[in-house]
Amino acid sequence: MELTEKEKAQNEFPGEIIDTPGGGIVVSSFDGLINWARANSLWPLTFATSCCGIEMMSTASSKYDFSRFGFEVARATPRQADVIIIAGTIVNKMGPVLKRLYDQMADPKYVIAMGACAISGGPFFYNTYSVVKGADHIIPVDVYIPGCPPRPEALLHALISLQEKIKSGLTREQIRQPKEQ
Amino acid sequence: MYSQTEIIKDTSDTEGELVINVGPQHPATHGVLHLVITLDGETIKKIEPHLGYIHRSIEKMCESLSYRQFIYVTSRMDYLSSHINNLGCAHNVEKSMQIEVPQRAKVIRVLMSELTRIASHELWLGAMAMDLGAFTPFFYAFREREMITEIMEDTCGARLTMNYIVPGGLMYDLHPDFQQKVKAFVKQFKHKVTEYEDLVTNNVIFQNRMKGVGVLSKEDAISYGCTGPVGRGSGVHCDIRKIFPYEVYDTVEFDEVLETAGDSFARYMVRVREMNQSIRIIEQLIDNIPEGDFQAKTKAVLKPPKGEFYTRVETARGEFGVYIVSEGGTTPYRIKFRSPGFSNLSALEHMAKGSKIGDLMATMGTLDLVIPDIDR
Amino acid sequence: MFSLESITNSIQNWLYNTFQPWFALTLECVIVIALVTGLFAVLGLVLVLMERKVAAHIQIRLGPNRVGPGGMFQTVADTLKLLMKEGLTPDLADKFLFNLAPFIVMIVAMLLLAPIAFAKGFQVWDINIGVLYVSAISSLSVIGILMAGWASNNKYSLLGAMRSGAQIVSYELSAGLSVLTIVILTGSLQLSDIIASQENGWWLFKGHIPVIISFVIFLIAVTAETNRAPFDLAEAESELTAGFHTEYSGMQFALFFFGRIYQHIYCVCHRRHFIFRRMDAIAYWALGRI
Amino acid sequence: MANEEIKEYISSIQPTATFDETGEWLNILTEPSSWKSFAKELRHSKFDFDYLFCLTCIDWKTHLTMVYHLSSTTYRNTIVVKANLDRASPEIETVSDIWRTAEFHEREVFELFGVVFINHPDLRKLILTDDFEGYPLRKDFEDPINMIKL
Amino acid sequence: MGAISLIALIIAAVLFSAGGILLGKILVKKSYNPQKGQAYECGIPTQTSPWQQFHVGYYLFALLFLIFDVELVFMYPWAVVVKKTGMVALFEILVFIFILFMGFLYAHKKGALKWS
């Protein structure tokens, strides 16, 4: 049964998500605990394309120190990361790579679009032939941070907002309905 | 839109060779550089850089932006030396329109450039140490870098992409606290450089991983067009601040740092010693900022005459060239940025061929690549 | 010397007096399982938090301090999260070996606990060839790592696994030889004997020059064997993204992580056996990260 | 000054070259067909132009102009060599064997302007995606999907 | 406790691991798409399979290691009794090490210890 679904998926649009059977048994009261754990242990993927990446590094540095909130363990592989912070411009060539990275992350996964470029293309909106005008054309985004580049405090605020969103059960992951088969 | 890629299972033609993609998402490529590496065991047989993962078509974009506008975009190219990028462009416009910049602006521009250079080298130090597996230097380096970003924020209103230098001078005057804060920074930084030396330079593991790794001879460095610390690490006399002094560089005393070994350690030493030279420049200028205007009187719309103009400045990574072809209009007809990283990167294959993967990281770390600068 | 021998002995006597021998043995096993698993869980949580806190303070940061009082529940949250994360198996991986590898690493880590003397008489199995046993079992963990690297069908994993093998090849011999010094001095391979021989002073401070040399060698070799910085070639985050566990996610990754930490516990404890005698050796381990 | 000397020398080896001294540096306009031999001469001449610091192309709508900025690390003379190319089928010899930095710069010019470099060792797309059509830095390049005019 | 404790420990390890993995399998919502199943290689599709002949630089070295490691095991029993037996044991182990050392020298001269 599962194999046929996989085969079906091969023929569809590559970004298509197919829910596999199983999982999601426990509900309500236990969910609160799980959401608390997930919210307090967001491991970011070390992914940065341009200037915002430097501010992300600043956020990791001593003065701002996002390890206080448990975001400390930056993983280089998407398999172990929880949140992908799109720090910088996404161009057409990068698009498939970003999509692939997002797809390869293990569920549950969250996305933060950091900076004007990731939100809309920012200063590179007009007259460019290669910039994707907003990372949400490629992958779904949970939290947006404006700025060019945003201050480290803004990134911290975004991460805390994401925490609150997870705790209240409103992320895209949590409200995703299984597709009708 | 996105083609689904097939997994190649056939291995018959590449027996014993491992083709590995390093990047675009890789902690050691400092951005989105993509290297396709052919390995034999751990030995690198071939490196093929693929660029364009952050190609934002800045050159095309600038053709439709006015002379005041396109300077802001250049901050986003080499974001670690954004002041110097701005300076290069402002310089070009000033040269073509023959604008005389006030002395105060000139001094402040040099001060800002040198502060940016220190900040950039600090970040490089932390990132490179992290490439080699040491976490702590990263935090130490960022501690001092943070002081510079604070100074920048006071005056320019931004931490990273400043957009402070405009054609004709500066955007605003200095923040009143500037001198005092810079002095405090200089005082602390002088003491901290020795700390870095203790922590990093004199570390045996570090030295063994750097010495004799990624050697680039002087002839090759010239042929590949390597400039900045990479060129100077190979003994090429290529500091634009010395060869073609701009602003007030001809009136301050500083040494061009030259090493002759051409290996990663030489490049490392060049950068560390360059920080000291920058401090020297700052110390000479900080008490001698002349009073006066910070901006020359310019027209609201800049229209350089018809012709071709080329300016060169020294960023933290090397020679940054701005080549503007003007048709006399309000926007440049063609603009070309000669980015230092692009040429430095082209030497990577030559330097890393035949070495191990670990050595590649050391080599790449000391090249100090900023990918948006390379792709533009 | 402080001893728990009477307690353990009385429990054992009570068990064998009350129940059938086979049932007593089973109960004893259950107690051991419960104790060991509990120890693992608690030590894993506490030590990881400690490592992060100490590392943060050396790196002039604060470290986790928001989750629970003073950040105490940070690792609890992390573990729960990893538990609740999808465990991925790549399509082209060798699924059997891929899923087996974390078990191997875990089993090795557990088996290493057997001869460790937590206190006098508080020992799972006071095996008379303890030193040999420890050397034999500890080199098994590399099999789990090689298995993980090979089965992942990922080049980074493969390279990381091969490096891990190289690491073992390079340092195993020196670690084994350095332990020999203590065995000569004590004249026994039994770990409880080794500890008893240090009752009135550590070997390290008794002025034996060879002991000091072998202590330094052991320290370096064992750090290398557990792939910690600066010997973290197998993971080499900047080169191989995450080394042999690149493809692992969720709990499987956590098991590798735990396995490694328990190996550390073992290292530290054995350092304690051989040279130190107190748990403050763990502080050294926490510093090992930096 | 040195410019006169260089001019003299260049007219002796390349009689068809024309000069233009209005800009900051000496501009030399050469024929694309003779560029390779000329480049070799320049590299090994007594002026020793060993440093190619900028290589680019300009689209003049009627023709393309290759621009080479050459300098010498010992004598610090700088010259600018230009060659006009046919816009329909732009072709010029590569100089990547003389100045190795040219290899990357030529690949960049190849994909952004469509100039074909004869004998280039590895003339593939470097920056753009493989299926990208057109030469974006040419003046007539239009991309209705991605380009939003101001 | 005797050797049975090893079985207990193995059971403990398996329970610990399997418990964690199974709990995750039961409780977590999962999704699948073809890209997720492919190997991670910095976001680019892999080009060749890693399951091919791989040049392990330390192959010879590893073989030698095996030999020497086994020899090392012989030294443990010696170490236990060396204090009781005295000089004779010391002399004997010196002979043993000398023979080993000759083998080591031979390997060194052949260049087997060079990491290539």
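We call the chains A, B, C, D and E, going by the order they appear; numbering starts again at 1 in every chain.
In the analysis below, a contact is a pair of C-beta atoms (placed from the backbone, for glycine too) under 8 Å apart; a residue touches a chain by one contact, two chains touch by 3 or more.
Just so it is clear, the model here is predicted, and its values are computed rather than measured.
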For chain A and chain E, chains touching each: B, C
Most distant chain from chain E by Cα centroid: D
Busiest interface, counted in C-beta pairs: C-E
Label of the chain whose CA centroid is most distant from the centroid of chain C: D
Rounded Å distance, chain A centre to chain B centre (Cα mean): 30
Length of the line joining the C-alpha centres of chain B and chain D, rounded to whole Å: 25
Approximate Å spacing (C-alpha centroids) for the pair chain A, chain C: 34
Distance between the centres, which are taken as Cα means, of chain D and chain C, whole angstrom: 62
Contacts with two or more other chains, residues of chain D listed in rising order: 128-129, 136, 141, 149-150
For chain B, residues that touch 2 or more chains besides their own: 4, 7, 18, 20, 24-27, 42, 52, 55, 57, 60, 64, 139, 143
Contacts with two or more other chains, residues of chain A listed in rising order: 6, 14-15, 34, 62, 76-79, 93, 97, 99, 101, 107-108, 126-131
In contact (per the touch rule at the top): chain pairs: A-B, A-C, A-D, A-E, B-C, B-D, B-E, C-E
Touching residues (chain side chain A, partner chain D) in the complex: 92-93, 125-131, 133
Residue ranges of chain B touching chain C (in the complex, touch as defined): 7, 18, 20, 26-28, 39, 42, 130-136, 139-140, 143, 205, 357-358, 360-361
For the chain B and chain D complex, residues of the former touching the latter: 50-52, 55, 57, 59-60, 64, 220, 222-225, 227, 236-238, 243, 307-310, 312, 319, 321, 323, 325, 333-334, 336, 338, 342-343, 345-347, 350, 375
Sites on chain B touched by chain E in the complex: 4-9, 11, 14-26, 34, 36, 40-43
Partner chain E, residues of chain A touching it in the complex: 5-6, 9-10, 14-20, 22-26, 34, 77-79, 97-101, 103-104, 107-108, 173, 176
